[in-house]
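Below, chain A partners chain B and then partners chain C, in two separate complexes.
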Partner chain A sequence: MSDHHAIHAETYQMEAARWQAGRNTLAFVALASILACLAGYFLDAPRFFHSYLVAFAFTTFIGIGAFFFVMVQFLTGSAWSVTMRRIMENIMITIPVGLILFIPIVLGIKEIYPWTNPEVVAASESLRAKSAYLSENFFILRGVIYFALWSLWAVAIYRQSTKQDTEKSIQQMHVASRWSAPGLFLAVVVGSLASFDWLMSLMPTWYSTIFGLVTLAGGSLSFFSIVTLVCLGFRRAGILKDAITDEHYHDLGKWLFALTAFYTYVAFSQYMLIWYANIPEETEWYRHRMEGGWFAISIAMPFLRFLIPFFVLLCRAAKRSKTIIALIAVWSLVVEYIDLYWVVMPTYYKDGPQFHWLDLATLAATVSICGLVFWSRFQKHKMVPVGDLRLEQSLHFENA
Partner chain B sequence: MSEAVRQHPALMEVNPPLIRAKDYHDLTEQISEITEGDVFKTPLKYWITLAITGSITVLLGGMLTFLVWNGIGVWGNNRPVGWAWDITNFVFWIGIGHAGTLISAILFLFRQKWRTSINRSAEAMTLFAVMCAGIFPLFHTGRPWRAYWLFPIPNTDLNIWQNFRSPLIWDVFAVSTYFTVSLLFWFTGLVPDLATLRDRAVTRTKQVVFGLLSLGWRGSARHWRNYEMSYLILAAISTPLVLSVHSIVSFDFATSVIPGWHTTIFPPYFVAGAIFSGFACVMTLLIIARWALNLNNIITMKHLENMNKIILVTGSVVGYAYATEFFIAWYSGNTYERYAFLNRALGPYWWAYWTMVTCNVISPQFFWFKKLRTSIPVMFVLSITTNIGMWFERFVIIVTSLHRDFLPSSWGYFKPTWVDICTFIGTIGLFLTLFLLFARFLPMIAISEVKGVLSYEKGAFKDQEVVAK
Partner chain C sequence: MTPAQMDKLGIGDDKVYGVIGEFSDPHDLVAAGRKIRGMGYTKLDAMTPFPVHGIDDAIGVPASKLGWIVVCFTILGILTAQGLIYWVGAVNYPLVIGGKPLYDVSYSIPVTFELAVLFSAFAAFLGMWAINGLPRLYHPSMVYKNSHRASDDRFLLVIEADDPMFEPAKSADHMRTVGAAEVEVVEG
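For the complex of A and B:
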């Protein structure tokens, strides 16, 4: 087996020309979409902010998903995923960009969050009771703290991983694990608080304790979808063809399957318990999504989110088919966007979805900006954590 | 893979040997010997322990007879606290079972090979715990001989219509499915080992009994193939069960409108708590078994440490749920929600609440330190405090939410009766008795599975193994 590896003598370094082509494309998309966003802001500021929140949440929670799973891999000593871990780490390292992506939220806070309106707060007793928490300055401060903490951890872990490329020592693995254990708290606890702040507070009177987990589960599924698509994209370009094998795709398929089921579990728990107890303060949130055009999306959700991907991925052959997992990965990303859209937009457009070109422009902007950061790492570092002691195991990994 | 280990010595640090034994035969001997030999020559300490736990089981029988004779009024449940120790104990025992399912199903799917040393005994605990759990709702019905009315059996003379909208009926299905699948899983895993015992049996009775139980297992390649496939399928079926059973148990509370019960995080929160308490229970019993049966080479410090890590993670998830509940109760701005949680922490049951927080959230945090999570005395004490804490968690959720009704005129304070207390102690006796019998008569380590882990290391660590032995 080791001979086979020696013959190819893979350097795991992306060719400069290829890297530049990727960067140029991403830079072009970023530039164009930022210009479009600016135009949108001047033409219709409220609409820009509404669309932007969906795009912001979409990319941020993918970053948190990456953050969580990279740390889990260090803690569990995961061997199968080593060849893909750098790709995952490069997604994780887009988190610090969130500090910049958060700026439009700060600028548009009055357009986005109803609780910034003193009249709304004055009219509701429960909003007055929590005005200490839902206040503009505190909200912004919290957002900055969230990103600062995540970034600190993400950068620390990323450094260890890239340091191992040259040092090839077990030491970096230990240090990364030490960061990762408390880091899980930051991903889950702070991630939940972030989802409460950015998404749940859109209807400030509404509350659900599981909401954080629903958002994080969605972000995690999107994260694995992106990993799958990046790996398959690389494969098509002939990159890492021997490092990421059918066996790895099979396991990615299992993760897509498992997270589809987990997302459904938490989302269903939230819906079922609220429906069953039928308390007006809680049902209100779903009530808005049963009206007008939103009703169609609500009804479609169980099919889009669960029934279709679940049954498609159920059998082993499907999880081993690159075409099928590629389709499901694209599907999951589209559905995640629709889901976030469905969480955010009924706040402003009660009668149903009103699609706007800014939805696309803002999404293109956040994705391409994060994409640029992601891509830039491939020039600086190897595409695979070559110093990881488990690399051999991962290269020869087989599903039993 | 062992090839890779040999070529890169550094990997030895990454993949330390899981278990130590001279060879396959040695392992078979070590595990089978526990179950073999003349029953009457079992050490006296075993009989003394069994006599004690057996007597406690008799106490359970006595309490249940007393209850049936007098009616459930002998328990302390009364308005407004209509559910108290009975449901607390039910949820407590069901939770204990979850470690077995997690180890056998989820850790299997995650390819965690260290599970092989502990899965058999943990799965057995699942079964015994579910039996103990079932007793409480069964006897709370008042007329346990009519319990079959809970099942949707076609009937024209009774005219009984099960209320499918009630989470209590979902419980009947969830728990009975759980028990059935866990039993099948446990038994499927046992088949190759039962055949080993059959082949080693020296008496005719044993040959016949193990012969029947091992279902004609001959260890052919075809048998192994079918076995592996059915094991994988059972693992896949059991995985959703790990989540569904305790989620449905949590629905018993969360579907209501009672502050402190109705909160959407309940399903995953209950599941994490169940795994937390289950691992603590497995830990308590395995530390004793490992010491009494001299299994240190199979259940190593690595196994115990891994379990402690899971206890730390699940304990922290439980802490996350407590914190989220408290925060959202405040955030809701709802007077009743806020009151329910403040009352939990500062009201008449403050002592139960703070016992819960100390045992479940604070004490597992000691496992952050490697020194503490690899210390047998520390983990033994912490596994017991965890069990105490998790019992109190259910008590806190159930009793503190009920003792303050919406109408202050209906407020009350629950106190258990001696029957409540003795029934619960009785189930502990039953659980331990069943476990003791299991440990004596069936292989408590999955022989065929630990061999798979040994082969991985075989050769590479030969010298080290012999020394360690």
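For the complex of A and C:
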């Protein structure tokens, strides 16, 4: 077959000119948005830190989503994803940047988190009891440990995958799987702790065990949305057109669908149990979001998060349509941002959401910085794990 | 039993079921299926030990109706649950429990979800049986000497006798030309 040979002739290396164009755009956005962030910091520091926290959580949990699902691909030995696994891994490898992106959170800790205020802690018995855990130094130390652990695992797995490009041995697959099994615990358990620290402690008296899963589910959905959009963007530019086929897009559509359902399941579980138990210190969190302008977002969430994407993606033809999955991917990313905004901002604006240019600037900053790391990998490595023994299988994969 | 029913069950005197071709590799099966279909045959079947990706498309199996059956029962499950909760809690025996409203969407969701899943699962399982005409103890393909290996290590392609193009000797030849290792005209 002629197309068969065309696939073999493919080098899976991004052209230098194209790579540079992408890097220049990202570097420009990064530079401009960092300057805007600095200006925002001097103009309105508390607002900057809150906006930044939303943007920081947005990119960090996408990285954790990538981390989790790359490890799942190794553990299940899945062949379908091989042609797009390098794209997933390049998103995963943005995790170490979190150590730098965490710095503004450390600087703004007093502005963001109410438990840093001794008067607030002294007034509440439950906060006094939590003070050993919710202390500034321990909070910072934990953040550093989280990122250090994730980075260690992400880099170890990434190295095996890129080593396989040249070694073409099954050995790297085995080593990567061995890292992946404990790595899943690291992604979910440490990921939950991170969401407790960074997002849940905004209202330090509130607690919800499932909150970590809700955050991770949102991050995972955003991760698959980004994979979908990157693949479709590459396709439009004529890159990896033969490697990522309709069948692969169908599977991405299934993941968008599955994670939409999973997110709803865990987010609703959290809401329903709190609603039913009706304990004041638990309901307080939702109470804040049922008041003023926040109520509109709260009531829209079931539609934004579940009803619309779920029923749009329900039938097979929709999951196989590149236009529809592209729309749902953009939709999911926008809704994820609104969701995180709705989690963070009610501690700052009690009456309702207020848009600020810093929201865009901080988001552009974290996304473009992670984007630069993501993009830089395409120069250093092949765009597809060419040494993976299942590559041929993945190229010709078809859905049952 | 009418002759038509007997035909459907593959029993009776002179009933030819079809031509069975045997393959040892799933990819060969898909390729052969595609070629046979290209010759103009429309009534094809395949028997494999595991789901072979791409075979439905290759031999022109239409999309399953099962999804629509399941969706109908899912909606029925949702309506049943909502009706049950509303009728029991707010109509038949209104009783305030824990200060909660007599009916509220929040607590109706878990039961609605469970009943939707339960109805869907039953619809999928029983619907699959109904569509496949199960349970049945006999199928004419069982006459083929290697039919038991279709659940082990062989992949069977069938040109059914119902096919308008079907002619035992000619179809068997066609089956040989697409690479079947063994070919047999099977009478059920």
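Structural remarks
The rule is simple: the second predicted complex is superposed on the first by the 393 of 400 C-alpha atoms of A that agree within 3 Å, B and C clash if a C-alpha of one lies under 4 Å from a C-alpha of the other, contacts with A are read in each partner's own complex, and residues count from 1 in each chain.
One rule holds in what follows: a residue touches a chain if its C-beta (ideal position, glycine included) is under 8 Å from a C-beta of that chain, and two chains touch if they have at least 3 such contacts.
Everything numeric here is computed off the predicted structure, so don't read it as measured data.
Applying the stated clash criterion after superposition on chain A shows that chain B and chain C collide.
Looking at the shared chain after the overlay, A:13 reaches neither chain B nor chain C. Of the two partner chains, chain B is the only one touched by A:389; chain C is not. Applying the stated contact rule after C-alpha superposition, one finds that A:116 touches neither chain B nor chain C.
Of the two partner chains placed by superposition, chain B and chain C are both touched by A:276. After overlaying the two complexes on the shared chain, residue contacts for A:298 are found with neither chain B nor chain C.
For chain A, the partner touching the most residues, choosing from chain B and chain C, is B. Judged by the touch definition given at the top, the superposed model places A:135 against neither chain B nor chain C.
When the two complexes are superposed on chain A, the residues of chain A that touch both chain B and chain C are 272, 276, 278, 400. Interface residues of chain A, counted against chain C in their complex, comprise 268, 271-272, 275-276, 278, 315-316, 397-400.
Listing the residues of chain B that touch chain A in their complex gives 1, 3-4, 7-8, 10-11, 13-14, 110-111, 240, 243, 247, 251, 254-257, 262-268, 313, 316, 320-321, 323-325, 328, 330-334, 368. On the chain A side of its complex with chain B, the touching residues are 1-2, 76-77, 80, 125-130, 133, 170, 173, 181, 184-185, 188-189, 192, 196, 205, 207-213, 261, 265-266, 269-270, 272-274, 276-279, 281, 389-390, 392-393, 396, 400. Considering their complex, residues 51-54, 56-57, 63, 67, 98-100, 106-107, 109-110 of chain C touch chain A.
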